[in-house]
Every structure is written in C-alpha cells, then in structure tokens.
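One structure is given below, represented as structure tokens, and several questions about it will come after.
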Amino acid sequence: MSALLSVKGLVAGYGGVPIIEGINLDVQDHEISVIIGPNGAGKSTLLKTIFALTARSEGGIDFAGKDITGLKTAELVPLGISMVPQSRNVFPTLTVDENLDVGTYAAPPKDKEAVRESVLALFPDLRDKLGQPAGELSGGQRQMVAMGRALMSEPKLLLLDEPTAGLSPAYLEIIFDLLLDIRKRGVTILMVEQNAKQALRIADNGHVLVSGKNFISGAGEALLNDDAVRRSFLGGAAA
Amino acid sequence: MKKTTYALAVAALLASSAATLAADTKIGLLMDITGPIASFIPPLQNAANLAVSHVNDQGGLLDGQAVAVYGDTTGSSQGAVDAAGKLINIENVPIIMGALMSGTTIASAEAAAIPAGVVQISPTATSPAMTGIKDNDLLYRIVPSDNFQGEVLAKMVMDEGLTKVAVTFVNNDYGVGIGGTFVEAYKALGGEVVAEVKHEEKKNSYRSELATLSKAGGDALVVIAYAGDSGGKIVKQAIEGGLFTKFVGTDGLRDEALIADIGAEALATSFFSAPTSPADNPNQAKLHELYTAAYSEPADKPFVDQTYDATFLALLAIEQAGSADRAKMAEALRAIASAPGEKVGPGEWEKAKALIKDGKDIDYDGAGGSYDFDENGDVAGFIGKFVVDGTVYKQIAIVE
Amino acid sequence: MEMTGLLFYLVSVLIAGGIYAVLCLALNVQWGMGGLFNAGIAGFFAVGAYASAIVTTAVSSKHLGGFGLPIPVGLLAAMIVAGVTGWVVAKICVRLKSDYLAMASVGIAEILRLVIVNESWLTNGSLGIAGVPRPFGDLVHGREADLLYLAVVWFCVLSVYILCQRLYLSPWGRTLRAIRDNEDSARAAGKDVDWFRLQTFVIGCAIMGLAGGLSAHYFKFLSPSATEPLLVTFLVWVMLMAGGSGNNRGAIVGALVIWFIWSATEIFTSRLPPEWVTRSSYIRMLLVGLLLQFVLQKFRSGLLPEKSPKIRSD
Amino acid sequence: MIDFINLYLVPGLTIGSVYALGAVGISMIFGILRFAHFAHGDLMTIGGYGVLTAVWFIPVHPLLLLPFGIALAIVSALAVDQFFYKPLRKLPTIYTVIASFGVALIFRSLAQLFWSSGNQVFISGVRMPVVLFDTFRISELHMQVIILTLIIAIALHFFLTRSKLGRAMRAVSDEPELAAVAGLDTERVIRWTWVIGASMAATAGVFAGMDTSMHPNLGWNLLLAMFAAAVLGGIGKPMGAIAGGLIIGIAEETATFTWLSDEPLISPSYKSAVAFFIMVALLLFRPQGLFKGRLL
C-alpha cells in the first residue's frame, strides 16, 4: 500500500538557515499520524513546508501518487490538503458561517450546502453561533471553527498544528474525540502535538523529530512503550 | 551599454547649452512654478515668454537673442535660494525677474542675489518687509506694497458709502498683507468691520466662513483672495447661499475667469481695485491683445501684466546697459523705467532698441503701471477702480 | 560658466546640503536607529527655525521677539523648543506602530503650519520674519559671506555627527537597535521600550530644530515658505534611504548626493526643448519620485549600508 | 437653526461624503496590504482629471462620465502596485509607505504635466440651490453627492458581506496568513482592493472637483482628513471608514458654528486641524477606532 503523503529528504528553513534537515516521512491513508518532539525540533516548520508556507530548499513531496513538490498553497487545497494553524486560526471579524464559507473558496465543493451540514453535524455546538463573529468565541470553539473551515474543502489530508495548544483538559478530550470522528469520515490526519502521550494513544503512527531530523518512527502504541522515547519526550516512566 | 546611452544623453543636454551662441544673452526667470501657487503660473510663464519673444522678433537683445532661463523656487525658501543660485552662478545671468511670492523673493534675494550683486525685480511680491531690506539697490518690485492697496481700497469702500462691511482674506502674504492694512485704514476712516475672517486656500467649502461673515449684516463683503481659488469660491457660494450680493475685490479677484464663472449680472453692484497706470491705460489693452493673439486665451488674469512688464523691464535694462554686466543693471533699470524719457509700451521693443541706440532716454510704461522706482526699489503705483462691463472690467476711477 | 560661479554654486549646494545633512542625521536617529517613522519633519524644522529667528531678531512690533540674543542662544532655543514639541508628540504617539506615527506626525506638521500662519502675534503669520541675522554678518559682505556660513553649517554637521556616532555606539544605541530589530525580545529583556523611543524621538526632533535654525539664519528671512513639506520632509526621507539608514556617514553622504541631484537636475531640465521647458519643473519632481522608487527597490541599503546586518524579525 | 443646516450641516455632509469615499480605499488598503497609502489623495486627483478630460470631448453631465475617471484611476493604481509596491511586499511595510510617498509625488507631477497646474472647473456659472420649505437650501450637486455616497455605501456593505470576493477581502484583512493557509489567492484580493479603492477615490475626486475646481493638489489636501476618517472608522473596516468620513466632514464644518457665543467655536482658519484633533484623541483613548478596527 502506497502512502497518501510521502516526504523524502526535505530540507527547509528561514533565511538560509535550515530548520529541518533531511526529513523522511510517510503518512498512510485513513490514519492519524502525529509528530512529536522537543521545542524547536522543526515540527511546525515541517508541516508548513509540506503546505508550501515555508520555503523548501531540498527534497520532494508526493501526495496521492502525484509529485506536489513546488506547488503553491492555493494549488494544494484543490488537490485535497487543508491545514489548521496553531494560533490565529479563525477570521475574528467574520461570523462563524462566513469562516466556514471562506473554507470553500479555494476548492469549491460540488454541494456546498451538504458539506456545510456534515461539518455542522461534526460540531453541533457551532450551530447556534453561526451569526456570531468568530473572534468572540472561546478557544475551544474557535478550534472547532478552524477545523470546520479546513474541512469545508473536503480534504483528503488534514494538517493540524497543535490543535490542543492552550485548551483546557476538558476540551482536549473533546478535540481528540473529534479527530477520531474525522478519521472515520475517511480524512487522513497529520498533526503536530505537544500532549504527546494522549496524542500517541489515538494515533496510528508516530514520528519523533529531534533538531530537524527524524529520530524514530513507529506505530503509536509502540512509541508510547519505547524506552528511549519515553525517557526523552514523555516524561519519566510509562503511564 | 545603458551607461553609454545615459552619458550620451547628458552630453547632449550639456552641449545644448553650449549651442547657445556667444552673442546671446540670458535672462533669469525665477518663478514659483511648483508648490502652493502653481495654479497661477502657466499664464505668467506665457507672459514672460511673450516678452522674450517680442524682443527676439524685433531685433533681439544686444547683438544676439534673448534666452530665457527658468528657475523653479518650488514655492519654498530652500528651492528659491537654490534656483536663484543656479541662475547666478551656473547660468551667469545678469538680471533676474522674480520671484512671485514674497517669501521666496526675499529669501532668494537675501541669500543669493544680493550677495552676488545681481539685480532682482519681482513682479508681484507685496510684502512691506521688502522695503527695509539692505539690498545695495539690487532688489526691485513693480507692485506697490500691501500697505498701499489696502489703504486705497479702504478709501474706495468708504467713498462708495459702505460704512459696514465684512472682510475675508486668504491666509497668505498677499491676503494678510492687504487685508490687514485695509481693516486698519477702514476703521481709521470711520468704517465698521462687522466681521473679519481669515480663510485657508484650497478648501472645498467656505460656507461656514460665510455664515460667520453674513451673520453680522454688513453692507458688502470685501474679498481679498484669488478668483481662481478661494476668492472665486467664496463669491460663488455667497451668491448661491443668498448671503451677500455686493462684493469688493482686489486685483486677485479681478479676473475675467470670475465674470465667466459667476456672470456679469450677479456682479453688477460689485467693484474691484487693481494696480494701474496714471492715465487711462491703452498699454494694458494692447498687451492683452498681443497675449490673446499669441496664446488664444484671455489675458485678464492676476499678475499677467506685471510679469510681462517685469520681464520686459529686465530685458530693457540689459539693452540699456549695453552689455551683460551685472554692476550696470541697477542704474540701467532705473534709467529705462523712470520718467523723463520717451514713452515705450508693451511690445515696442524695436522702438525702444532704436531709441537706446540713439542714446535717447526712454521711460517704459507697462500694462500694469508706469513704474517709477523710489530709493527702496518700490513703486508708488496707482490703484484703479473697476466694475464689470459685459464680459470685461472697466476702469472707472484712479487713486494715487 | 565661469569658475568662480561654479565655486559659489558649489558653496551654496554645500550649505544647503549641510543643513540637509543635519536633518538627515536627525532622521537617522529616529528611523535608522529607533525605527520611528516621522513624516512630519517639516513641523519640527519649522519650530526650530521660528524659535531661533524670534530669539535672535531685533525688536519688532509685528511678532513676538525683539530679544536680539546671540545666534548660538537662538540655535539652542531652536533645539529646546523643537525637542519639547517632539516630546509632546512622542508622549501621544510613540507607543503606536509606525503607520500611526506617520499619520500623526503628518498631522502635527500640519497643525504647526497652521499655528505659524495664523498666530501672527507670534510669527507674523504669512508675512514672515525679516532681518534674521547671519553669524558674523557684519564681518564679511557679498558672496564671500557664504564661505563663512559654510564653515558654521559644517561645524554643526560635524558636531551632530560626532554626537550621533557616540549615541549609535553607546549601550543606549545598541539597545535602541535591538528594539528596532526585535521589539518583543527587547521588551522581554526588560527594556522600557516606550521610554527609549521617547528619548530617541525627542533627540531627533531637537536636531531637526537645529537644522531649522540654521536655515533661518541662512535665508535671513523666515516665512512659511521655508517649511514646505516636499522640500523638507519628503526630500530628507529620500536622502536617508539613499544614503543608508542606520549609518550616520551614510546620512551625510545621502543628504549631499540627493541635494546635488535635486539641484543639478534643474540645470538639465531647463535645457529641454522649448515646448517642455515650462514643464521642466514637473519633470524634475517626477524624476525625483522615480529615483526614490529606484532606491527602494534596487538600492535599499543605500550608498553606505549599516554595517551590522539587520536581523529581520519576520 | 436653518442656517446651521444650510451652511454647516449640508456642506459638512458633502465634504464628509468625499472623505468617506476616499477613506474606504485607505482603510481597505490598510487592512489588506497593511500600509498607509499616502498616494491615495493623488489617486483621487487622477480620477478627477480623467473625468475632466472626458468632459472636454463628451459634453454631458460630468457624473455620467464617471467611468472614465474610474478607469483611469484603476489603471494607475494597478500599475503603481505592480511596479512600485509589489516588489516591496516582502519587506517591512514601512518601505511601502515611503514608496507611496514617492508615488504621491509622481501622480502629482504627472497631473501637472498633462493637465497643467491651473484651476479648472467642470461646470462654470452660479448654480442656484434648490429651495425646499422656503428655507432649506441645498444645491443639486450636494444632493447628488450625498445620495450617491449613500448608494455606494449600501452597495459596498452588501458586496463585503454577501459576495465571495467581499468575504475573501475581509478574510485577508482579518488574518492574511490564515487566508493564505485557506488557499485564498491573496494577489487577486489585492488587485480587487485596488480596483475598489481606486473607483471610490476617483468618484470622490470628481465630487470634490465638481464642488470647487480641479487642481493637482486637490487630493493631497484632503489626505489628512481621510486618514483621520479611516482611523476613526477602525482600520480595515470600510463601513467604519464611511461613517468616519461623514463624522469628520460634519465635525470640521460644524466646529466653526457659533455654539457657545456669537463667535465661532473654532476659528475657520483652524478648520483643517479638527480632523487631526479627532484623530489624536482617538489614538489616545480608543486606538481601535469607533468600530473596533484592528489595532496596529
């Protein structure tokens, strides 16, 4: 089985200083993959480079059997990739409904109304807030709007940059449950996460990044129980 | 490759100056071409060019042609000093006509012309401060200082039987100069200024100013501003608003454009003051005829007469001096401008040249007056009273 | 073109260029070191010019003044009054981001202009202040007096340059550049960013005031036409960008080069074919506008770039 | 009282409409391109001259020839964006601000080159105002200006909230990086921002020119008040800019009304300072503007 997303020898960074140096990564279809690692390891940069938001200097990216190296973000969205950035992930003065609508602009779905309904089915809380400016919502609700917006283009692959950053533990659970729901709908997820333990629990695959390089990859459960990973990144003994 | 092209272009430009024949004589025309009074300049450049072309069409200057070299003050002191400096040091002109605004005229005279010993003759600078400058007899102007027109205007208004007026003037050296003197003189004559409002140029609406002016109920509105700018707008908006029907204006307002814009009927009871010459002046009509023939546009615009005259006077001074020697200019200028002497008017270069050649004394009487300089380089001037007659202005009285 | 003429033209270019160099150094303190966008240079320049003129002229019934004080006192007053004005402005706007400061400073300059043309008791309004003395004015007359003034102006340029250079290299200057390049980390390092900015703005404004004073004594006559924003604010920006913002020597070189270009272009544009000559002034303005675009795009770091490369925060 | 309406309020609304239309563009450009566009006033001037030129050839009412001015302003705006602003897009925005300073000068000198520096009028002659209820006097032009501005404001509102392009513009203005993440074509949004900003600027320029006369400094002289209006309305809030423009216009005119005594509250000489004082007060006490715009 070939991977949905395949990253080979990716080098990227800012102003000539590489932040990620030769990353290899495969993301299988219909799976949740999570990237963990210490601060500054280049996790977000990897995500941004895949989505063409950061300049790539070397390496290649394949998506769904197609070489997407060098394509622009606006060209990736119609191919079926969306991303939810870590912060500033909603348009604050646009209403929730408008936020969702903007999600369809780059890749208009055939039946916009149906997609909207299915997204709202995933986030029923948003239904009463459709007319409210997104900036007035709580952090967790905003995360939902952001994910909803990303799903409006009916992506095959959803890139999430720390979806639980700054959220209360209660919301953390809700978001992780939602991710499982989203996967059920056939969307592949690649996410960067700080809450490594919880993330690895729901993940099919995990990748550990250390100072811009692959450290170790494996199944989520396997990584959770890996001694080296546990010592370095999960904080002490196994849970 | 590109560099070569640039170098060639620069060389060509420089060469074009060298192409000026040795016998030709330059005259410096210092004008506020860009900057706050840019809108007045095009007809004034026409007027100056007309004077130069009259010279060149009628025998030329000295042994060659007259060549006009412009300097742009950019309406600023820095630019004025710089432009005058270039005319003096690079172009090596013997005499400068200009500048137009008092501020640029005085700055260029103080920091460039006077130190270099170059005569400067301004057609329009009216600031009283010019009189007191230590100029070694180098700074001249052919308009009376503000004090004069303001005083005369006050007398005219009183004589008209208007004892209560509202006054508005544009907030620049022209408006404030005449306006201030007018108010003082008018009060001294027993008149009552019911409202006095200084206004900014180039605003869109002057209705709130007019509201203040009209509230006090004056007999007429005295407008000291330019027809092409705030003055015209104020008259128009006052009529449209039904606030005033009678206006008193100065030379800035006495512009054919005003009649064209407002209509003679609405201005029937209004009158205007403007510098003029002692007797009924055929020279003005003549200049206007020449100007209209050359540019096919009306000539009755502010300062066209004075600019032509100042340029013509400067050219006459060079001819009179017999060479482009700066040191001789002041004396020559006084000789050709003042009585006695045979009268010469606008466009009469051939006649003037012949008279000078014969060693006869001449006296230029221009379209804007007769210009007899006093010891300060000022002219006494005569102020005419004008009313609208059809599409033009008619002079009905003269005050000395 | 006789040689003495050329010499005196050069002298006048160097005097004006020197006054611009002072302005440019002042802007370099504000923008080059502090990253503060001051679009109201003309206002502070005007305040300085009027302060010095009022303090040094003889008694006049037309405006405030008649103090007849020595010229150095006038220049000092110019710096103080412009500095205080700058302080008031900075108090209001310095914590705002650059564009707001730009708009606010344009507005300040406009207000100052209105005050100058309207409050005749203070400034004689649009009629201007006559008889502003030149230093050593009684010593030499004629064009030679310019040589003396040239020395005075360049003495000031040199003094301001030394001051700016010391500021630049001092710990204060380092902090300032740190703030300019990365405000957040400077703030995190416990620097009182707003206070540093305020100081920068005030110092810059005071130096602008000095330049204003110098120009008033050069023209010997001061009217609102000495403070045209185009020739003061705009040109100084072009100069600093062309010279190399952040570099004090660059500021001086930029001032001289751009003033020379501005001044000398007229010698060429006035040689255009006759049908263009009456429009030559606009062509000159157009060229300067295009020159600025060229500098911004192809020549951004200027003739003398700042030595330590800027670390861009974005 | 009727004097207040005739001589202060209606002129205030008229000039306010001009400010409003100009401020919309400034606010949108500020929101989307994130820089203060100092050449916006001169863009108005260019638009005004476009119509003036059309009037010389086609002798109909100038307002009918508005499309010519709009077209000229759009072409000019897109050209300067392409050649002068776009190359600086990746740099700190302040470089673009400086560039726009230069563009303002370029526009002005071009206007002087092509149309000369004199004052030129669209329609000459005294136009007596329409008198309603015996005392209410309003000129035809002012009525046209105010009504057209209202229509434009309503159309703009629907455009921004209902159309895809309008929403995309607001999205880019809100969070440009997120808009890029969402795959929006930012350059296209920028182009449309210039199109709309330039159209309104041209309209405002024609209104201002018709009310008085065209001259090369027309727009530059209005710039400060338009900046104030944009700040007042909240940066990146086009509808706020409309409200801000009207408020500034009315404030400027009515500030000279005899509110407290027989003397004007503020001397008319200081009228142009009113906009600025409002702006400073706002920066001090409510920097996000009246309508919660972005805080810079």
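Note that the chains take the letters A, B, C and D in the order they are written out, and that residue 1 is the start of every chain.
In the analysis below, a residue touches a chain if its C-beta (ideal position, glycine included) is under 8 Å from a C-beta of that chain, and two chains touch if they have at least 3 such contacts.
Note that this is a predicted model, so its numbers are computed, not measured.
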| item | value |
| --- | --- |
| Each chain counted as touching chain C and chain D at once | B |
| Leading chain pair when contacts are tallied as C-beta pairs | B-C |
| Chain whose mean Cα position lies farthest from chain A | B |
| Distance between chain centroids, defined by C-alpha means - chain A, chain C (Å) | 53 |
| Centre-of-Cα separation between chain D and chain A, whole angstrom | 43 |
| CA centroid of chain A to CA centroid of chain B, Å | 75 |
| Whole-Å separation of chain centres (CA-atom averages), chain B against chain C | 32 |
| Chain A residues counted as touching two or more neighbouring chains | none |
| For chain D, residues contacting two or more additional chains | 109, 112, 117, 267, 269, 272 |
| Per-residue overlap in chain B, given as positions that touch at least 2 other chains | 33-34, 42, 171, 198, 200 |
| Touch relationships between chains, expressed as pairs | A-D, B-C, B-D, C-D |
| Partner chain D, residues of chain A touching it in the complex | 51, 53, 73-74, 76-78, 82-85, 88-94, 98, 101-103, 105-107, 149-150, 153 |
| For the chain B and chain D complex, residues of the former touching the latter | 33-34, 38-43, 171, 197-200, 202-205, 207-212, 215, 228-229, 232-233, 236, 239-242, 260-263, 266 |
| Residue ranges of chain C in contact with chain D within the complex | 37, 39, 92-93, 96-100, 102-104, 106-108, 110-111, 114, 117-118, 230, 234, 237-238, 241, 279, 282-283, 285-286, 288-290, 292-293, 296-297, 300, 312, 314 |
| Residues of chain B that touch chain C when the two form their complex | 10, 13-14, 16-17, 33-36, 42, 45, 49, 69-72, 74-83, 85-86, 88-90, 92, 101-104, 106-107, 110-112, 115-117, 127-129, 132-133, 171-173, 175-177, 198, 200 |
| Residue ranges of chain C touching chain B (in the complex, touch as defined) | 1-2, 5-6, 8-9, 12-13, 16, 114, 117-118, 120, 125-128, 130-131, 141-143, 145-146, 215, 218-228, 230-232, 263, 266-268, 270-272, 277-278, 280-282, 284-285 |
